[in-house]
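Take a look at the structure set out below.
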Amino acid sequence: MSKIIHIITPIITEGIRSLEDVAPFASENLEFRHSLLDRGPSSIECEYDEAIAVPDTIAKCIEAEQAGADAIVIDCMGDPGMKPCREVVSIPVLGPGETSMHMAAMLGQKFSFVTVVDGVIPMINNLAKIYGLAEKMVSSRVIDMPVLNIEQDIEKTQEKLAEASLEAIRDDGADVIVLGCTGFLGCAEKIIERLKFEGYDVPVIDPIPLTVMTASALIDVGLTHSKKTYAPPRDKVVVGY
Amino acid sequence: MSKIIHIITPIITEGIRSLEDVAPFASENLEFRHSLLDRGPSSIECEYDEAIAVPDTIAKCIEAEQAGADAIVIDCMGDPGMKPCREVVSIPVLGPGETSMHMAAMLGQKFSFVTVVDGVIPMINNLAKIYGLAEKMVSSRVIDMPVLNIEQDIEKTQEKLAEASLEAIRDDGADVIVLGCTGFLGCAEKIIERLKFEGYDVPVIDPIPLTVMTASALIDVGLTHSKKTYAPPRDKVVVGY
Amino acid sequence: MSKIIHIITPIITEGIRSLEDVAPFASENLEFRHSLLDRGPSSIECEYDEAIAVPDTIAKCIEAEQAGADAIVIDCMGDPGMKPCREVVSIPVLGPGETSMHMAAMLGQKFSFVTVVDGVIPMINNLAKIYGLAEKMVSSRVIDMPVLNIEQDIEKTQEKLAEASLEAIRDDGADVIVLGCTGFLGCAEKIIERLKFEGYDVPVIDPIPLTVMTASALIDVGLTHSKKTYAPPRDKVVVGY
Amino acid sequence: MSKIIHIITPIITEGIRSLEDVAPFASENLEFRHSLLDRGPSSIECEYDEAIAVPDTIAKCIEAEQAGADAIVIDCMGDPGMKPCREVVSIPVLGPGETSMHMAAMLGQKFSFVTVVDGVIPMINNLAKIYGLAEKMVSSRVIDMPVLNIEQDIEKTQEKLAEASLEAIRDDGADVIVLGCTGFLGCAEKIIERLKFEGYDVPVIDPIPLTVMTASALIDVGLTHSKKTYAPPRDKVVVGY
Amino acid sequence: MSKIIHIITPIITEGIRSLEDVAPFASENLEFRHSLLDRGPSSIECEYDEAIAVPDTIAKCIEAEQAGADAIVIDCMGDPGMKPCREVVSIPVLGPGETSMHMAAMLGQKFSFVTVVDGVIPMINNLAKIYGLAEKMVSSRVIDMPVLNIEQDIEKTQEKLAEASLEAIRDDGADVIVLGCTGFLGCAEKIIERLKFEGYDVPVIDPIPLTVMTASALIDVGLTHSKKTYAPPRDKVVVGY
Amino acid sequence: MSKIIHIITPIITEGIRSLEDVAPFASENLEFRHSLLDRGPSSIECEYDEAIAVPDTIAKCIEAEQAGADAIVIDCMGDPGMKPCREVVSIPVLGPGETSMHMAAMLGQKFSFVTVVDGVIPMINNLAKIYGLAEKMVSSRVIDMPVLNIEQDIEKTQEKLAEASLEAIRDDGADVIVLGCTGFLGCAEKIIERLKFEGYDVPVIDPIPLTVMTASALIDVGLTHSKKTYAPPRDKVVVGY
C-alpha cells in the first residue's frame, strides 16, 4: 500500500505550486497530494501574513488526515501552523524550515539562509532559536525580491541567489546553503554550478524535496510527533472556526 | 491629555476580565479600555487555541489604535498576536509574557512560572527562547487547573499557586515567581503572604498590572517598537480577513 | 501622596546632571531627588573608576531610602553598585544599563550600544552576560569621546552618535539603539531624525528617562527586588565604611 | 537502479548485527550491505574503545564507497569515525547519534537518551554540544548493562529501558526517548507499550532504522556533506595505515 | 632570581591567612608575600562586603607591584577587585574563582562549588557567566556556615563539605569539586578520602595552592593580562582614594 | 625528586620537535622527555590525520606513565587522543588546545586562533564547544601554510602570523592571540613586537611552553583528571591494538 504525503501550500495563490514539483519523488509506494488555502494571504512575508494563514492551514491539515494522508508537509519556510497542526492530527506534520535547518546542521558545520526579503529575517531567527539551531545558522541573506516575483525572471532569481550564497560562504563562513523560500524550488542546481565554478563544493538545500523525503522516512519507521509536546486541544467553545 | 491603554483579552468568554481589574491604576492621566474577541476560543491553553485567537486579536488591535489608544496590552501570557500586531500599528503593543519575563529577570537572578496546565509549558519555553531569557527561567510549574476553572474556587487556586511557588523556590532555585496566566490577577498577595510565612521574601509578579504600567512608562518616554523588526505588511491580496 | 524617585549620579563632578533633565517626567504624583558623590571619580570609564564609585554610591543609597525615597536610579550605564545597593535597602534600585537592555530586547530583535570609549566595552559585555541578554546585543560602537567632553560640542557628539548608530544598524543588524552613557541624555531626538532621514525607523533609548519611568511603574505595582537574590548583609566588623 | 546503503558496525564482534535487522526496510529500490571491523574493540563504551575503532572504520568506509555504496551508516551511537569518513568519501556518511538527536529535536521539545553504562555519558554530552543540540537533550539515563550483555536477557533489558524512559519523562521532562545504543535495535515497541500503559504517548527512536531511512532520503534528493567542512585530506606520508 | 607572588587577602581579619598556608609551594625560586586590608570588611559573603573590599585591594595591589611582585593572587573566591587591579598594574593578577573554574573545566566534564552560605551563590553564578563557564558549573551547594566560623570546628567543616560534595556528585552530576571559599584551605584531603570511601575518584580543588602555582606558570612563560581588555585608567580627578 | 613531564608529538616526522624547545623551562626540579609516533601521519591537518594519530598516541602515553612520567603533554593543538589517554593513565594528560583556550579566556575577554590551514577550523570550533569556550573564541584565522612548511621560511611565517593577528584584533575584536599550531613554537616574540608597533598590547600564547608549565603546576598541587569523566576502559577483547 502506498504512502500518502499531503502538501499544504499555506497561501491562496494558484499556480505557484503543483504536484509536478515533487513528481520525481513519487513512485508506486509514494503518492503526493496538495491543498491551497481558501482563506489567507496571497504570499507569506511577515508575521501578519503568517497569522492569517494559520487557521485555514489547520483546517486543511485535519481534512488531509481524514482523507488518508500519512504525513503533512507545510509548504512555507516559516512553518506556519506547524505546531497547532501537530496538536490536531496524529500523523507527522513537517515544516521545511525546521527540517532544512536540522539537515543543514548535519551536512556541515554552519549554514546560511538565502531568502526573499528583509521582513522574513526576524521570523527565521526566531525559528532557529526555538528549534535550537541559532548557533549553527551564521546568517540570512536576502535577494530583495517579493515571493510573487520569484518566477517572473527565474534566471535573474537564480543569479541573485548564487550571489547571496557566495557572500554567505565567503563573508559569513557558511558551509551549507538553505534556500529560504519554498518558492525557490528547482533553483538549487544552478546555484551549485555557480558555487563550484567559484571553487566551493557545498550543498544547497532545496527544502521541499528534502522535507517530503524526510516525511517519507518518518512514515517508514513509524515515528510521529510527541503528544507530550503537542497534546490534543481540550474541548471548549470556539466561535468562528 | 490622558494616556489611553487598550487591553485586548484574546478570547470570547465574557466575565473573566473587566476594567475593574485595573481600576486602581487608572487616574486622570491614564484611561483603560477593553475588548474581547468576536471570533476565537473561549480560553487559551495550547497552540491551536492561540492560532485561532490571533486573527481577531489583530483586528481588535487595529480598531483600538484607530479609536485613539496610545498602547495595547494583550491579556494572555502566551502573547498571542503580539508580533503581527506590532506590524500593523505604530503604538507600543505589549504582551504580559514578554514583559513579565524581562521584569522578573531584573528583580532577581532566576524566575519560575506557576501556571495552569501542562499544555502551555512548551509554549512558554518557546517564548523564553525567543525573548532571550531561557537561561533566567529555571522552571514552569502547573497547578493542573484549566483557565476557566480558576475562579470557581479562588482560595483553592491561591493555595495551589502558593504550593507550586514554594516548590519552584525550594527545588528549582527560583528567586522570583511569575503568575503564568493572566486569569490569576489578584492572587499575588495571598501567595506572597504564604511565602513570607515560610521564610521567603521573593516578588510575585501579577502580569497585567505590571504590563499596563510598563506600557504607561513607554508612552511617557515616547518609545515604541522597532519598525526594522516589525515592518508594516506589504500590500497584497488577502481572502477572508 | 507623591512617589519619590532618587537619582544617584555616581561621580563627583557637578554640573553634569540636574533635576532639570527629568523635569518633564515630574508631576504632582512623582517627585525626583538627586545626589552626587562626595568621594569617587570625576567620571566612570573603566573598572577602576567604577570600583571607587561604589562605596559612596551605597552610602547615598542608604541615605536616600532613609529620607523617604520609593525607588533609586543609579545614573551610569555600568550600573555601579546596583547589586550591593539592592542588599542594603528594601526599595527598588534600578540601573539604566540593565533597564535599557531589557527594554531594548522588548522593542526589537537585536540592539546595539553606542557609547563613549573603548574602555567601557568589556564592562558592557559583562553586564549583558550577567543580565542574560548577550545574545540580543549585537554590538557596542564607540564615538571615542571621554565622558567629560560630551557636552563641549553637543552637536558634534550627536552627529557622531548618529554615525555610530547607522553603522550598528547597517553593519551589525541592530533593530534598536541604546545610548550607552547617561551623559548623552537628550541626544536621542537628533539621532532619530538622522536615522529616519536615512530610511531607518528604529527606537533610540535614552536610558535615564526610561529607567525613572520604569522605576515609577514598579512603585505603582508594588514590586521590589528579591531578597533571595539580594539578602541583607550579615552583621560584621567593618573598617573605614 | 537500486540505492545501496552500507552499514559499518565499528566493532569486531560477530553476531550482534545482521542485515536481518534492517530487512523490513529493504526493497527493490534499496539494498543494504554490512561490514564488521577486522581490527578494533569488541564493543564501544568509552573514548579508548572509540579511538581504536576509528581507523578500521575509515578503511571499511573507503571500501564500501569503492564497492558502489550510495551512503554509509556507522552503527554506533557515538558516531565513531563519522567526521574523518566524511573527509575520505563523497557519499553521505551518517551517524545514528547525530541523526537521532536532530530527529528527536523535531519530534518534541526535549529528548533524553536511555543507554548502557555511565562511561558513555560524557561522550554523548560532547556530541550534543558539537551537534548544537545540548539545549534540547535534557538527560541521559543508563541501565547499567554493558553492550555485550544486552541480548542475554532481552526482556530484562527492555524492562530496564522502559523504567529509565519513564524516569526521563517524569523527572527530567523528556518529550522524546532515544535508544542510546544501537544494540537496542528492536526494543522500541515494548518500551512504547509500557509508556502508553503509564499514560505517556511519546516517540521512542530506534536509531538504526531511522538513520538508514534518513540516508535513503538524502540519496533521493541528491544531498551529501559539505566539502567545505569535510575537505579531503592533503596528500602526505603516513605510516601504518 | 626568585619569582615573587603576592597574596592579598581582601579582608581586615588577622589570623585567617598566613604564609604558612602556601609554604609547601615556596622554594628558592618562588617567594610568597602577603597583605591584609586596612579598610574593608571582616569577611566577604555578599555584594556589599565585596564592594567595600575592592578599593583597598586595589591599593594593596599597586603597592605589591611597586615592591617587586611578579604576580598578584587575590585570596577570595569572589575575585573581588580582580578586574580593576588588572587595569592598574602590569603583572598578572589572578583570582582563585576564575582560576579554579577554568582548571575544574579542564579536569572533568562538569564541576560544582561547595561553599559557605546562600548569599554567595548569586555572585558565583554571575562570575561563571562572565568567565564563560556557566555551562560547565552544574551546581553550588552550601554548608550554611559563615566564613569566620570555618575554623572553629574544622572537622565538622570538613564533614559538611564532604556531604555537600557527595550530593553534588550524586544528584547534580559533578565530576570535579571546587572548594568555594579560600577559607577552606587544607580541607581537600579529608574530602577526597571520604569521596574515595564512597567510591568516587574525583578531584577536589583547593583554590589557593592551584592559583598560586598557575600564577607561577604564567610568570615562567612571560604572560600577563591583555591591556586591550584591561586598559590603564585615564587620568582624572578622584576624591577620597 | 624531579618532576617528569613527557611530551608526545603525535606525528611520525622527525626534526620538528626537540627537547631544546622546552629547555628554558627545565630545571633540577623539572625534567622533560619526548616521544614521536611509530605509526601515524606526518602532520595533523584534518580529522583523518587525527584519527590515525590517536592509537599510537595512546600507546606512547601508557609507556610514558610506566617509565615514570608525572604528566603528559600532547603536542598538537587539536588535542588528539587527550580524552582516551586520560582513561588509560592516572597522571594528568594535557592538550595545548584546551589549556590555551582556558588560559586565553583568563587573560582577556575574547581570543582568536591564528593557525595553518582552513581544514583545521571545524576541528578547533568543535573543541571550543566541548571545552565550553565557544563564546570566548571570536575567530580563527589561517595563514594558508601547511604544517610541514612552517619552518621553511620562518620569517615569512611570523610575518603572516602577525598579519592574521592584527586582523583578529581589529576586525574580530580579539583581546588575546593563540598560536593555533604547536609548530609555531618560538614565533610569539616577533608577533608581539609587531602588534606593539601597531599599538596593541595583547598577549600572544605560545601553547607548548604554557601547557608544560600548567602541567607542572598541576603536579605541584597534586591534581589530576576526574575518573568520573575518564573512567578506565572495561576489560574486553581487542584486535590489532
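Brief remarks follow.
For reference, chains read A, B, C, D, E and F in written order, and residue numbers begin at 1 within each chain.
Criterion: contacts are C-beta pairs under 8 Å (C-beta built on N, C-alpha and C of every residue); 3 or more make two chains touch, one makes a residue touch a chain.
Quick caveat: nothing in here was measured; it's all calculated off a predicted structure.
Ranking all chains by how far their C-alpha centres lie from the centre of chain D, first place goes to C. The greatest centre-to-centre gap from chain A, using C-alpha centroids, is found for E. With centres taken as mean Cα positions, chain E sits 31 Å from chain C.
Centre-to-centre separation of chain B and chain E, using mean CA positions: 43 Å.
Within chain A, the positions touching two or more other chains are listed as 109, 122, 126, 135, 175, 229-230.
Within the complex formed with chain E, the chain F residues making contact are 25, 27, 29, 94, 98-99, 102-103, 105-109, 131-133, 135-136, 169, 175-176, 200-203, 205-206, 209-210, 213-214, 216-218, 220-221, 223-230. Remark: chain F residues 12-13, 37-43, 45-52, 54-56, 58, 81, 83-84, 86-88, 118-119, 122, 126, 129-130, 146, 148, 229-231, 233-234, 236-241 touch chain D in the complex.
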